[in-house]
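The letters A, B, C, D, E and F name the chains in turn, as written, and every chain counts its residues from 1.
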Amino acid sequence: MRLSPPGRATFSQANNLDLTFGGGESNVAISLAYFGVNTVHVTRFPDNFIGKAATQFLRHHWVDTTHVIYGGEMIGKYFIEKGSTHRPSQVVYERDGSAFAEMKPEMINWKEVLEGTDWFHWTGITPGVSQGAAESCLEAIKVANNLGITVSGDIHSRSSLWNYGKDQSEVLPPLVEGTDVVIASEFSINRVLNITENQDEIDFKSASQKLMTNYPRVTKVVDKDRTSVSASHNRIQGKMWDGKSLIRTEEYDINPIIERVGTGDAFAAGLIYGQLNMSDDEESLKFATAACSLKHTVEGDANVVSVENVINLVKGDTSGRINR
Amino acid sequence: MRLSPPGRATFSQANNLDLTFGGGESNVAISLAYFGVNTVHVTRFPDNFIGKAATQFLRHHWVDTTHVIYGGEMIGKYFIEKGSTHRPSQVVYERDGSAFAEMKPEMINWKEVLEGTDWFHWTGITPGVSQGAAESCLEAIKVANNLGITVSGDIHSRSSLWNYGKDQSEVLPPLVEGTDVVIASEFSINRVLNITENQDEIDFKSASQKLMTNYPRVTKVVDKDRTSVSASHNRIQGKMWDGKSLIRTEEYDINPIIERVGTGDAFAAGLIYGQLNMSDDEESLKFATAACSLKHTVEGDANVVSVENVINLVKGDTSGRINR
Amino acid sequence: MRLSPPGRATFSQANNLDLTFGGGESNVAISLAYFGVNTVHVTRFPDNFIGKAATQFLRHHWVDTTHVIYGGEMIGKYFIEKGSTHRPSQVVYERDGSAFAEMKPEMINWKEVLEGTDWFHWTGITPGVSQGAAESCLEAIKVANNLGITVSGDIHSRSSLWNYGKDQSEVLPPLVEGTDVVIASEFSINRVLNITENQDEIDFKSASQKLMTNYPRVTKVVDKDRTSVSASHNRIQGKMWDGKSLIRTEEYDINPIIERVGTGDAFAAGLIYGQLNMSDDEESLKFATAACSLKHTVEGDANVVSVENVINLVKGDTSGRINR
Amino acid sequence: MRLSPPGRATFSQANNLDLTFGGGESNVAISLAYFGVNTVHVTRFPDNFIGKAATQFLRHHWVDTTHVIYGGEMIGKYFIEKGSTHRPSQVVYERDGSAFAEMKPEMINWKEVLEGTDWFHWTGITPGVSQGAAESCLEAIKVANNLGITVSGDIHSRSSLWNYGKDQSEVLPPLVEGTDVVIASEFSINRVLNITENQDEIDFKSASQKLMTNYPRVTKVVDKDRTSVSASHNRIQGKMWDGKSLIRTEEYDINPIIERVGTGDAFAAGLIYGQLNMSDDEESLKFATAACSLKHTVEGDANVVSVENVINLVKGDTSGRINR
Amino acid sequence: MRLSPPGRATFSQANNLDLTFGGGESNVAISLAYFGVNTVHVTRFPDNFIGKAATQFLRHHWVDTTHVIYGGEMIGKYFIEKGSTHRPSQVVYERDGSAFAEMKPEMINWKEVLEGTDWFHWTGITPGVSQGAAESCLEAIKVANNLGITVSGDIHSRSSLWNYGKDQSEVLPPLVEGTDVVIASEFSINRVLNITENQDEIDFKSASQKLMTNYPRVTKVVDKDRTSVSASHNRIQGKMWDGKSLIRTEEYDINPIIERVGTGDAFAAGLIYGQLNMSDDEESLKFATAACSLKHTVEGDANVVSVENVINLVKGDTSGRINR
Amino acid sequence: MRLSPPGRATFSQANNLDLTFGGGESNVAISLAYFGVNTVHVTRFPDNFIGKAATQFLRHHWVDTTHVIYGGEMIGKYFIEKGSTHRPSQVVYERDGSAFAEMKPEMINWKEVLEGTDWFHWTGITPGVSQGAAESCLEAIKVANNLGITVSGDIHSRSSLWNYGKDQSEVLPPLVEGTDVVIASEFSINRVLNITENQDEIDFKSASQKLMTNYPRVTKVVDKDRTSVSASHNRIQGKMWDGKSLIRTEEYDINPIIERVGTGDAFAAGLIYGQLNMSDDEESLKFATAACSLKHTVEGDANVVSVENVINLVKGDTSGRINR
């Protein structure tokens, strides 16, 4: 559940809040659903009108919510004050004690959920929330591996959000072990590899190579480079190491940014769409990067653009001319 | 922190929420502040922009926030869908793990807080939230007793909200022991007295007498009778047992109701104002009941009417003619 | 210019305000324009974007603004907090120094304005604002008298708003002298007649008779009786003394009231419409009372209902069934 | 698609509009979905972002939209100004040329749609929109009859909306022929029976009896009596002729009304829920009437209350006390 | 009638819409009215509260609506989702069957309308809507020619919107024949001239020359060059071929764009204002281009800036410093 | 009191207004309060719900309002239409006759107010409003001088706003005489020095030197250079003459601007904070300039950023990355 003051106001200036719902995996699910992919989101919400409203939000945005389970006392939340230019956005998380944080293994029948699907996606947010969520995620990955389903994991994850007593280098390795496509920066990779020295000398390609050496299931490592000129102006470039070569897309210049949140998830959704529908890694990386770029112009957490919108941008139409 | 869809919409229909702040004691504090009484609210908020906004809300409504302390992870919340006619309002509470629920004795220097004040008010919400909050409340009452400060307690409290392992009959007695003016229904009183039999035969007067016998500090028991014709139409009448006689006010007919929440707190604030400023118990009961009645016409949790507004109603002006 | 918090909120709860424009005569003008009458409003606004917006508001609501003049520093304003049930609406006026208050005789070329019109209407608000406005109003009435135009005056006027050093009994008589149709309560009439004794014994008929004796041009005295059950519930009945008989309409029960302001002006507009279009005084009084009653259900200062809406109510359809 | 000014404003006062979606059958579908019934809505929307948004609205409110088809140029619309007290709501329809009005037989594969369902519901709105819609509706009823699915039809339908050259007495009979449960007033029935004389002497029971004689499949005729005190205050009572006896429920008093639109559809949904889940006709009629009554307190076209809400009202709890 | 989600939201994210009115010719009319020119808009609206609201919108914005006629079933509409940066705005039109599309010759008494006016302006939108609208437009042009009134035509018109069976090269020539000042790109001109080959080699000057050769009444061909850096950032430069020389203005850089819609109409209005009030073509082209540039910063379809605002920009003040 | 249409709309497009409160000195007070400084604002408001709401706004934003006095008829106001790119914001002031304009010497007990404070700040707005306000300001400065309190004055002041019969060169000198830190442009300084010739040759340093020569109490002259690329894009650089050297900060590029108003007051607040808390003039100038820069991204008149926000920008973090 996401609550934010309208426009660029702060909480100290607001007496009403915009309400929407968002989260790493659900953002990916919604974006894929707008691309026309049948997408199931699996989570746990409280069994009250707020949990229902969260499910309704997912249904509204075309996601299949058959496997949402209900229980617990509260929904995970975040509050955001949107910044501008030099003023950063400010976020407060409230996740302790949420229905999701209190998930436990075996609450979800992963075999039933995953049977017949082509792809399973997880993010580093989930194992960072709680021990139970991490275990539940691992459980899912193992079932996916057994069923021969491709697994992608976006392991970007702020250390500061890991506050249940374990850290990333302890929890992430078994998850990455079952993952085929890893979305990660060189810094995230090194946390998985537990490399803490010489952070200045890290580069994406050699980190990716090391990751593949240690985790043989991983066949692709993907990320985007972001240049933050200001809170209103960013540049984005996609990159991928596929074990043989480093692919880079052109750089998109985004100014002004309508909403910075959820752009990484839009990238992941674009990548998954590309991997499912395009024969070529470079094409799917371009698609992912253009999708990510477009998300900066979309309000809310999730990307609601169509495949056609993304393809037009990939083809080079950055003019924003009105479609009539 | 209170979040509600605009108008009579439900969460399933909303994509923005009205934001305000409310709670038993803070509602009383704000109402008294609008009556011109110097009022200090003591609580604990998280040390982030939400906790700050809560404090700012209290300052905005004239309350002294010098003794608010900061800490913990989240603010207590409730979500409300406002009903109408036969459709009841629906409330979801989120209080577990809140900054307030995690209060502990000695977090507040009650002696410093209470020195020089005339009155201390607590409600049954606080001891129902957590063991720590209950202990902190008791701590305050004892200090108030030592300093010779009048103590009032509004012990209405929904059993369903007591979920930390203790119940009302266990926790409330020591608090009532230090209380001079008790606001309570006959049912609440019997929970304090641990009388569970013959609930049908309970009446306000005899329950009040029993309470006074068992708790000799108690000198007045006060309450209001509410007739709920519908969610939009109520009738309110005040009553008081002062140890000698049962005083009843006239009945106010309120139709339509703008906001039902916080009307009990408006009653308490009116009573305290009356006790502090009027020589006569009947006058203060009338003031309390009229204040309560007016609160039904005010948006939000807290009563923002003036003494003059209340006095006009006490004097019998129910015409609602425009003041120019 | 009228500014009010949304819904039933108070200024202390608002951070945005509903903006509209209203005033005694302009409300009458708009209502008549919605009845299909060509209506010209004459006033003075400041020559800035606020004065322009006021003119645009009148144009929007079908009024001819050809004779609005511009000058001065500010627009007259009022601020209103809408009450409910026992809570009265609160109004703050800001009229001193407004473009209108600073009107002076000869600013308006009344001959040019009035040539060819059938009716001139003034209210007691205008002479109460300032000496210049009173003089300008008198100037207009005299021109209307010379041109043989029927003049109506609604002399309801709160004494408390007369703060430029003269009172009603001094200023109103020459204005009433040139007026054919007077809308007034018995109390207003007595202020014109400078009768200050035995206010308890005043009745509408005998006051009207006395007025006609003293002011022979007056042929009709009209008013409505209002029973204020609460700010949300009123009853309205029209009455007229035409020199021979006292006509009374049926009483309308209005519950709930959406907006109390401007209902007197809606009555005046209905009366003028009736006088211009109906052969019978009783019919026009019925029309006026039904129009007034409907205004209580309309947001803003001015009545925006059609002749058909009013006629339906006159005919007895109070069912409010949906028109499809 | 429904567009309405906020609150009680008129179009002449608005510069933004509330957007929702509604229509006879979709309102029934949503209400049943909130009762927990798996509900499929079948319609035709334009293939653009508006048609998509309409589908998303249905998904949001738990309806299965698998069988929505896309095509045509525009969506059917209605505009509503909400009235109050004596001021009726005003509606403008725009349905000519809509995607739905241009439906043709065989556009929907009704066999596929209806296979495995228990109930099919249609309303008199559909055959009134266009020849194609009427034929498509008949097509569906026939398939339902063949599959042994219970058919209900709510044949209330304003004559003024039939503007494609055929009238009700011509189009409705073959539809009623395939219908088991008819929701209709005596006047609607007589239009089906093509009885035009002695409208004053019509009564519900004898009209129902005649209908059953002529249309032997019909086993129940159901309706509600509405007393329109004003646009803000109605009374509702349910009635049913089951071929043997006339059942009547108690009367509900609704004051104030939040939204009058869609209350008939809420009644139909309640009835269908009752028929599917309750053994007793009287119980299902009570459920229908209570559901209808609650809808008057709900914003928008569709009822979003739960079975539990309705049951509480059936049990007699009209107090509207807050559910905490 | 224009309906759009607030801010940069999409229809899938909105539950209320901003309401305004716009259209090629009415945008020009409003902009000229804000420049102080007496402007009459001639169109056809449905005779209901929506048609009335459209007229009121025009009156609000200073346009004379005396010659609006009423009839038909619905108003023409468009829906817009505003884009940003690389995300284009999306538009859905609903014009078939509108009151305007169903205009027929002789519905308007053009002689009465045009008598005494100085200028008549039409756009390529009108003849693209329907055969009747095209014929009505031609009828007006002929009357204007007879009365010696200058005629301007903005023939930009998207081919995709011509869906009544005729195309631009068939319908536009007789209209252009009666036009003095043509606003057109080289591509639009070639559609009129029915030149379909070598589109790459088209240039504005030679196309304009050819147009003048074929249509001797045309004395000026005017257009603007737009560089679309993104949906948020455009550059605009005016150009005119007056039969002898090609005039070009400086280029304005607009970033960020508040609203892209209606900027062409603002250009036309600026040009007409210049032609009516300035002795020099270059001055009027500068005025047109500056007006167009300013429109990008104005919400809604129509330009609401003053002559003074435009002149300041023509003089080179692009600083946007606050006017106090 | 500040009233503005939402977003970039004009008054002619609005029917609701954003309400906030602002003014030179109160903006400085609020900004300092957000920096954690105990700040008292002294002013005069009308004794009605608007004056109360103004006080509540200040309390909300952490300012001490103990010394606000009440009286007079109206509150000073300004109305603003926010511009964009080349379109300038438009402001209308209404200050004549305001409670503040009618301040007189001895209304405030300055000795009581200032006792125990470290700093007194005034702006050139105050002496420009009225003779009484100017005298009251001088009174305060003299008391501050006697108490040894540092005085700062921001003497920027638009000549056009001085309309009570005196001009800046007459009124400002005695105020500057008692001022230690002057915030002023070279043009403002020359108005104080009554230098009217050779305005082209003015430079900040020599003007500051002359000011110090004439007003020996002045020890620092401070200002910012603003490059107005457009209403949406400015550049800001701080400068200070401390009697010995001219300090300049780096230049901040701000694009887009959320709100231009109040940026000068944010600069003043930053400077005062720096002077109170930093040992070094350059540090305090950097702090002031960064604070000013951040204010451009904040809605409303007053800066609500924290010391930490400013320090981060001073340290060079202009990336606007989200703080989680």
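Going forward, a residue touches a chain if its C-beta (ideal position, glycine included) is under 8 Å from a C-beta of that chain, and two chains touch if they have at least 3 such contacts.
Note that this is a predicted model, so its numbers are computed, not measured.
The interface formed by C-D recurs in E-F: of the pairs listed in A-D, E-F or B-F, only this one shares over half of its residue-numbered contact pairs with it.
Ranked by distance of CA centroids from chain B, the top chain is E. Between the CA-based centres of chain D and chain E the separation comes to 44 Å, rounded to the whole angstrom. Separating the centre of chain A from that of chain C, both taken as means of CA atoms, is a distance of 62 Å. Within chain E, residues 10, 12-13, 15, 56, 60-61, 90, 256 each touch two or more of the remaining chains. Chain contact summary for the complex, chain E toward chain C: residues 56-57, 59-62. Chain D meets chain C in the complex at residues 7-10, 12-13, 83-91, 93, 158, 160-161, 228-233, 256, 260-261. If you check the complex, the residues on chain B that touch chain A are 3, 6, 10-12, 14-20, 46, 48-50, 52-53, 56, 73-74, 79, 81, 90, 92, 94, 96-97.
Touching chain E in their complex are the following residues of chain A: 60-61, 252, 254-258, 293-294, 296-300, 304-305, 309, 312-313, 317-324. Against chain D, the residues of chain F that register as touching in their complex are 13, 15.
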